[in-house]
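Multiple structures are listed underneath, in structure tokens.
Same chain, two partners: chain A is paired with chain B first, then with chain C.
Then we have the complex of A and B:
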């Protein structure tokens, strides 16, 4: 089950963090923070041979209790999803795709300035629903 | 996919210029149009790059602007791209959409500059969203040919 989702902007400031109440929020923050380093490393070290040019980065690094997935958009927004080992996600790409779509809708909203912390209701609701495992129409 | 007729936006663009001129005076028009264009460019790129593979090098980003962004806004690709390999690029459009109906005589040259401000903003916003802050200027040597010059603020390649 997904326990945490975070979106980070171009300058690596967190735009949005959501954590399941059953988990320690601080620990999730820390895990996401370290994942940003891993993401940057993956982005800068991709060689011509093994570079799939995909936005989805897959599992970022091994951890005994959690699986941590990363995704970076072409506009340098990083999305990290953490889930527990038990009850894994069937399709992490789908989750990222939906968070990305929600983010695009948010950016096109003239009342949102890019780089601000996200407080938009539709975005928050989409992410919360995704974390509970419900697919979005 | 069907498009609204070009004339709709051409008319809106023209009216925006007249509106800002009436409201803020001629000196401010370019600035206002550029700010509007910035947000449009920013959002266009956010939407359009969702399905694209990762675009990496600065040159690839500028090529994307010339091909895909130009196609989205003007329904044609830019005609020419030059670079000096140190972070300056010049995009040339030989039939710039907002100037094709403007007469080519000298008296309208200065006014013509107001018509490229929005596009400069679009390019600036698009590049900003790719993470490449830059300055964008445009020259009209011979209408309707327009050259848009981008200078990246730090060339890291």
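Then we have the complex of A and C:
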């Protein structure tokens, strides 16, 4: 089950953090922070060999309790999803593309400036529902 | 809005571009004026300027529209042809007053307000699509009708529906310039 989702902007400041209340939020923050390093490494090492269309980075690094997946958009917005080993996600790509779509809708709002912390209700609701495992139409 | 490749009509613009343009304009107005009431007035004035020009374009492209003798006919033409031609939507006409001089237009899907969420400080005072009121007022003034047009509800503000109230004031008579007989 997904326990945490975070989005960070291109200068790596957090835009949005959501953690399941059953888990230690601070630990999640820490894990996400370290995974940003891994993402940066993947991005800088990715040259022409990397398919530019593949935004999904897959599992970032091994950890005994959790699986950490990363995704980066063309505008360098990084999304990290952490889930417990016990109940793995069947399709992480699906989750990421839905978060990405929610982010796109958010950015189309003329009153939101890219880089601001996300407070928009529809976006928060989408992410919370995704974390609970409900499919979004 | 998906189309076949190469079949884009050069005179048409994507509705997303239109919504984004309008949105950025409202956001910029808010930054410049800071007062949502002032922004409402500015949007209405802009709409008025658009309306006085748009009416000629509308009448030129709708040869089937004849002179309207009642306010009901005006409402019909406004919704079924005017809004349809320019915004691609057909609002509903409702809530006629007993004297038949006031009615409401209810818009179900507002193309201007796609993806928009109002910031909390404007939640109670900004009418986001106020430009539409100005357009209606300007267009009808050019056909010698004086109307008062204002928003009474907006889904962006949490109301049940997006509703514009239009009140007929008077027919404008052509008046001679002062000093002439």
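As a working rule, the second predicted complex is superposed on the first by the 130 of 137 C-alpha atoms of A that agree within 3 Å, B and C clash if a C-alpha of one lies under 4 Å from a C-alpha of the other, contacts with A are read in each partner's own complex, and residues count from 1 in each chain.
Please note the rule applied: a contact is a pair of C-beta atoms (placed from the backbone, for glycine too) under 8 Å apart; a residue touches a chain by one contact, two chains touch by 3 or more.
For clarity, every value in this text was computed on a predicted model and none was experimentally measured.
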| item | value |
| --- | --- |
| Partner chain(s) touched by A:100 [first = chain B, second = chain C, both, neither] | first |
| Touching partner for A:44 - first (chain B), second (chain C), both, neither | neither |
| Chain B versus chain C as contact partner of A:86, first or second or both or neither | neither |
| Which superposed partner A:111 touches (first chain B, second chain C, both, neither) | second |
| Superposition-derived comparison: chain B or chain C, residues of chain A touched | B |
| Touched partner set for A:120, first chain B, second chain C, both or neither | second |
| Touched partner set for A:74, first chain B, second chain C, both or neither | first |
| Residues on chain A lying within both footprints (that of chain B and that of chain C) | 108, 110 |
| Of all residues in chain C, those that touch chain A in their complex | 16, 19-20, 22-24, 26-27, 30, 114-119 |
| Chain A-facing residues of chain B, complex | 39, 42-43, 45-47, 49-50, 52-55, 129-131 |
| Interfacial residue positions of chain A with respect to chain B in the complex | 10, 53-55, 72-76, 100-101, 103-104, 107-108, 110, 114 |
| Residue ranges of chain A touching chain C (in the complex, touch as defined) | 105-106, 108-112, 120-122 |
